[in-house]
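In this document, chain identifiers A, B, C, D and E correspond to the written order of the chains, with residue numbering beginning at 1 in each.
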Amino acid sequence: MTSGSPNPVPFRGGGFKPKPIGMVGPIVFVAVVALWEVGSRTGFIPALVLPAPSEVFEALRNLVETGLLWKHLGASLQRLILGWTIGTLLGVAVGFSIGLFSLARAGLGPMVAAIFPIPKIALLPLFVIWFGIDEGSKVATILFGTFFPTVVATYGGIDNVDRNLIRMGQSFGLTWLSIVRKIILPGALPAILTGFRISTAIAIVLLVAAEMIAAEFGVGAYILLAGSLMATDELVAGVAILSVIGLTVSWLIGRAERFLLRWRT
Amino acid sequence: AGDKIKVGALRFTSHSASFIAFEKGYFKDAGLDVEFKFFQAAAPMAVAIASGDIDYGVTSITGGLINLADKGAIKVIGGALHEEKGIDGSAILVSDKAFKAGVTSPDKLAGRSFGITQIGSSFHYMAARVAQKEGIAMDQIKLKPLQKVGAIIGALKSGQIDAWAIVPHIAKALAKSGKVHIIGWINDYAPDYQVTTVFTSTDSAANQKDRTKRFLAAFARGAADFNAALVDKTAGDAAAEATVKLIHKYVYASKPYAKAAPSIRNGAMRLNEGAKLNVSNVKAQLDWFKAEKLVKGAIGIDKLVDKSYVKTY
Amino acid sequence: MELRLAGLHHRYDEVEVLRGIDLTIPAGRIVCIVGPSGCGKSTLLRLIGGLERPSEGVVLQIGDTPTASLNPLTYIFQDFALLPWRTVEGNVRLGLEDHALGQDETERIVADVLARTKLSEFRTALPRQLSGGMKQRVAIARALAVSPAFLLMDEPLSALDAQTRELLMDDLIELWERERFSAVYVTHNLAEAVRLGHKVVVLSRRPGVIREVVEIDIALAERATHGPELEAHQSRLWQSMRDEAQAAEMELVDG
Amino acid sequence: MTSGSPNPVPFRGGGFKPKPIGMVGPIVFVAVVALWEVGSRTGFIPALVLPAPSEVFEALRNLVETGLLWKHLGASLQRLILGWTIGTLLGVAVGFSIGLFSLARAGLGPMVAAIFPIPKIALLPLFVIWFGIDEGSKVATILFGTFFPTVVATYGGIDNVDRNLIRMGQSFGLTWLSIVRKIILPGALPAILTGFRISTAIAIVLLVAAEMIAAEFGVGAYILLAGSLMATDELVAGVAILSVIGLTVSWLIGRAERFLLRWRT
Amino acid sequence: MELRLAGLHHRYDEVEVLRGIDLTIPAGRIVCIVGPSGCGKSTLLRLIGGLERPSEGVVLQIGDTPTASLNPLTYIFQDFALLPWRTVEGNVRLGLEDHALGQDETERIVADVLARTKLSEFRTALPRQLSGGMKQRVAIARALAVSPAFLLMDEPLSALDAQTRELLMDDLIELWERERFSAVYVTHNLAEAVRLGHKVVVLSRRPGVIREVVEIDIALAERATHGPELEAHQSRLWQSMRDEAQAAEMELVDG
C-alpha cells in the first residue's frame, strides 16, 4: 500500500450474514432420503438398524388406506388441543399474577422453579391415580407440560415490558386495568408467543408419554405399539407424523406472529 | 477364565434360575464368566439380544420378540417359567369395585376392562385365553394398555380398571390389602402356558452351539435348585431360607429381608426341568399372534424356535 | 393555574438527588430546566407530575384547573413513549379512552390535534414507519388531545437529529404563540433553553440545587432575530455550567 | 380538582414492579408440605393418591443410609455430564456453522427444525440398536436432547450479535477468526447460556427416559423401579432428587452467567 | 496521502442512494458532509472506508500511506461500537492485536492514547460504567491507537447530550491542532460542521448528489472568536437545506 500511484481502497466489508439459498434445504432432504434408501437396499444399513424409507412410506400409505391415520391423528390432536389450551390459559393467568403481584411472585415463583424440571413420564403412575385412565390423564400430562413454560415465558415477557410505556400510561391517568390491557398485554405478547413455540413442541413430545396410558388411538399409542412390536417401519412412520405436526404448528405460530406482531420492525 | 457372556435379566423371582446358577457357581463350572444386565422391561431386552449387546435372556413371548425372530435376529432355545396345575400360578384379579358389582368369577368379565402393559404382551395373551375359554368375544373385553406394572396396580386399586392377571406373589400381596380380589387362576384356562422362554441371538444359536449348551445346562441346574427349594419344597427349610436369601440379593433388594421374603416365596412358580420347552404351546401362542395380526408375514415355528438344544414337548 | 414547588428534597436509597428546590411555575409561560447529566432534572419533572413521591416538600397546584382539561399535567417524553402496536390515531386516542367522551367528540379531538401537528395524512401509520421527528409529533398530538394545563417535557427533542430539532422547535414556538400553554421543559441543550424558555433554571451537579434562574425577556416569536443577545445568554449559562458538566461527565456510572 | 386553594399534585406513579418478599417463598413451601402431611395423616389424601411427606423423607433417609443415594446420583450425574457436554459441544459447533455459513444454514437448518420435535422416548428401541445397552444409549439419549436446543440457541444468538460491532471489527482490518473469536463468540454468549438453561433442564428430564434401558443405578432407574412397583414414597423421593438437581444446575448457570456476563448492565 | 472519489454511484436493490459523487479529500484537512436524513451520508462513508463496494465509480488513495499506520482508514461510529465485554484498555487493544507488535510496544501505544484522551484513570472500567462522552473518548482512543491516515467519523457526537458534545468538540479541535489528521466528518448538525470543517459538503435528499461545497477559511482554533461569521455560514447552509430536510422528515419509513 506504500506506493505513490493511485490505488483503489481495498474492500473489507460484507459477510457474516448467511443468506437463504433456495433449493439447498429440499435437495439435502431428498439426498439424505435417497442415500438412506440406497443404504437399506444394498444392506449397508441393516433392516434391524433402520427401515428403508420406502418401507416407512409403505407404512404411512397403509395408515392412510385403512383410514387409521385419521383416527390416530384425530385422537392425538384432540388431546393436544385440549391439553395445550387449558395449560396455556392457566399458564398465562398464573404468569400474569407472578408478573404483576409481589405476593404471587414470592409465593408461586419458587414453586414453579421447583416443579418445572420434574419429568412428566416419571409421574405417570401417579397421574393414573389422580386423573384416571381415560382422557383425563392424557390431557393432564400435556397440560402440565405446557403450563410451566408458559408461566415462565409470560412473566418473563411482563418483566420485559418497557417501564417507560407504563409510566406514560400512568402519566395520562389510565386506570390499572387499562394499563394491563393496553400496555402490558401487547408488550408481553412477543414473549408469550415465543413461549407458545416452546410449549407446543413440548406438548408434541409429551404426546407419546400421555398415550402410554390406556390409549387405543393416537399417534403416540401407534408409536408405542410399533416400538413394543419392534415394527421399526411403523415406528419411524409415527415419528415422521409427529415431526410433520411439529413443523405445521411452528408454521401456524409463525403466521400468528406475523399477524399479531405486524407492528414490529 | 471362561467365556465372557452377558445375560439379560429383570428383577423378578421368575429369573431366579440365573441368579442361583450364578451365585452357586454353576456358570463358572460350565466355563462361563457371566455378567448380568438388568432391564426395566422385557422388550428392550429382546432388542438388546438382537443388537448383540447381550447374549442370553429370559422373557415371555411377545409380539416384539416374534418380529425380531422374523427379522432373523433371535431364536428361542429353551423354556423357563410355565403354568402347572396344582401350583399357584398367575391369578386373575378384579378390583373391589368390580367385585362388588358382581364380577366374582372370570365368566363375568364380559363388558369389563382388563389391564395389560402393551398390546401383544403376555397379559394380552392371558386375557385372550380366559375370554376364549369362557366364550366371551374378545371385543367384549376392553383392553387397557398401561405400559407399566405399577400403573396397572394403581389403576386396579383405584378401581379404574376391572381386571388383571399377574404372577402369584404380586396377586397375593394385592389381595391381602382388600382392595383387590382373586377370582380365578390362569392355569385353569391355559394349563400348559409356557410363560417365559430362554432365547439368544440367531448367530449364537447357530455358531456358538457349545457355549449355548453349557449355558442352558447351568441354567437348568439353577432351575432345579429353585424348584426343589421353593416349589416342591423337598430340600428342607434351611435350603429354602438360603435360596430366598440368595434371591433377595437381586429381587426387592431395596426392601428389608423380612418384607421381601414372603413376596419371593409366594412368587415361586415352576421352572422347566432341564429347560425343556413346550413347543406346542409356543406354536399356539405364535398362531394367536398371527391371528391377531400382531406379527407380520408368515413366520413359522422353526424360524422362532431352535429345537436342537433342549427336549421339546 | 400555576405550580409551586416548596422545599423539595429527594433521595433514592442513600443517594441524595435533589436538595431544597423552591420554584414557582407561572401559567402561560415556559420554564426551562438545564443542568449536567444525572443532576436530577428528570426526577424533578417526575415529582412535579406526580409520578414520584418527594422524600420531603410538596408540589402544589394553585388556582383552578381548567374544567376542559382531561389530564392537567401531561408528559412528553424524550423517547416518545409511543405504543408500537397502535397506529398514530390509536396512540392519540389512548389518553381519551378512559374518559367517557362519546364517539363523535373523540373523533373531533383526534382529527383536530392531528391537523394541528400536520399528521392528518399519517393517521393509520404505525410508529415503526415514522421518522423520529414524526414520532415526537405524535407524542405532542397525544398530549394536546387531553387539553393539558401544563406540559411536562423531558428532553423532548434530544433524541432527534439536529435538523429535525430545528424544525420541531419552530413548530413548538408556533404552537405556543397560538395556545399559550404552560410548560416545564427539561433539556441539556442551552441553545434550546434560550430559544424556548421564558425562565431558565440552572441546576448544579448532583445533589441538584438551584444555582441560578435566568429570565429572558424577549418574546419567543422574536428570538430568531435576536441572535447575538441569545448567544450571550447562552455563553453566560455555559460558563457557569462548564466545570460542573465536565466533572459530571468524567464520573463512572457505577462501582 | 377545580378548587381555588393550593392542592398537592396527586400521586399516580409507582407499582408494576413486583418486589421480592424475602420469607414468602420458604413459608409457602413449608406450608404446602405441612398441609400435605396433615392431609395424609388424617386420611384426607389417601396413601394411594400421594404418600405423606414424612414417608418420602423416610425413603430419602433410607437411600442415604444404604449408601445407594450416592451410587444412583453418581451414575446419573456421570451420564448427565457426559451427554450434556458432548451434546453441547456438538450443538455449539453446528450452531456456529449455521450462524456463519449460508450453505450450512440452508442445509442443516431445516434438518434441525424437522428432527428437534421428535420425542426421544419414541426412539428408545432404535437407540438400543444404534448405541447398545451400556452407557452408549443413555449418553446418546441425553446428548440428542441437548444437541438440538443448543444448536437453535447458538445460531439465534449469533444472528442477534450487533452487526455494527462486526462492521467495526472489519473496519479495523481484523481477521475473520479474530472477528469470530473476539466479537461473535462473546456477543452470542448470553443467548448460548440461556440455551444451557433449557438444555440442562431437558437433560434432567431425559434422565428417566435414558435409564429405561438396562440401567442398574441412576436416579431415573430408581424412579422407574419405584413406579413399576407402585412404591409411591420412593417415586416421589426420586422426583424430589431430580428437582434438587434441576435447582442446583440452574443456580450454577446463574453463577456462570454472573461471572461470564458481568459486563452486562 | 489524499483520497479521491470518482463518479461514485450506489444503489441498494432498486433504491438509488448516491449519484455521481466526485470529491477530493485532501491530507491534513477535515471535510464535513451534511445532508438530510437518509440521503446516503453513512453509505458514502462506508464506500470511502471500503466497507461497501460502490455500484459504480471508484475510491482512490493517492500518495504514500504513512508506513507507521496500522489501519490507514479508521472509523469512529455514532454508537461508539465498543465491545461491551472488554474494558477500556481491552477495547483500545482490539485494533492492535492482529498486528505482531510485541508486549511493550502495544503497552506504550495504549498508555499513550489513553493519556491523550484523558482516560488513563479509567483503564479497567467497563463500557457500561462510562458516560456517553467517555465512551466516545474510548472510541477515539481506539482509533488513534492504530495511527490512522484518515479518520472516518459517522456522526460521532450525535448520540451525546448537548453539553458533552460541546466538551468533545473542543477536545477534537485540540487534537487536530496537535496531530493535523485528515478526516471525513459526517453530521446532521450544521453548528458542528461549521465549527470543525475546512470544507463542508452539502448533499441533497436521496438520491444524494453534491449540492454545494462550502470552504471555511478560518483556522479551527480561532473559530470560537468568529461567532457571527460562523453563524452566517450556518444560516446560509440551513436556508439551502431546510425544505429538503422538511420533506425528508415527513416521509414514511416504509410502505
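The criterion applied here is as follows: a contact is a pair of C-beta atoms (placed from the backbone, for glycine too) under 8 Å apart; a residue touches a chain by one contact, two chains touch by 3 or more.
Predicted, not measured: the structure shown is a model, and the values here were computed from it.
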| item | value |
| --- | --- |
| Required minimum of steps from subunit B to subunit E, each step between chains that touch | 2 |
| Two chains sharing the most C-beta contacts | A-D |
| Greatest separation from subunit C - chain, by CA centre | B |
| Gap in Å, rounded to a whole number, between the CA centres of subunit B and subunit A | 40 |
| Approximate Å spacing (C-alpha centroids) for the pair subunit C, subunit D | 47 |
| CA centroid of subunit A to CA centroid of subunit D, Å | 16 |
| Per-residue overlap in subunit A, given as positions that touch at least 2 other chains | 12-13, 48, 124-126, 129, 167, 170-171, 173, 224, 227, 230 |
| Per-residue multi-chain contacts in subunit C, two or more chains | 49, 51, 73, 128 |
| Residue list for subunit B, restricted to those that touch at least two other chains | 43, 47, 50-51, 148, 150-151, 154, 157-158 |
| Those chain pairs that satisfy the touch definition | A-B, A-C, A-D, A-E, B-D, C-D, C-E, D-E |
| Residue numbers on subunit C that touch subunit E, as the complex places them | 36-37, 118, 122, 125, 128-131, 133-134, 158, 161-164, 166-167, 187-192, 227-228, 231, 238, 241-242, 245-246, 248-255 |
| In the complex, subunit B residues that touch subunit A | 43, 46-47, 50-51, 62-64, 67-68, 71, 73, 118-121, 144-148, 150-151, 154-155, 157-158, 160-161, 294-296 |
| In the complex with subunit B, residue positions of subunit A that touch it | 47-48, 124-126, 128-129, 132-133, 212-215, 221, 224-225, 227-231 |
| Contact set on subunit C toward subunit A in their complex | 49, 51, 70-71, 73-75, 77, 79, 81, 83-86, 94-95, 97-98, 126-128, 142, 146, 152 |
| Contact footprint of subunit E on subunit A as seen in their complex | 1-4, 6-14 |
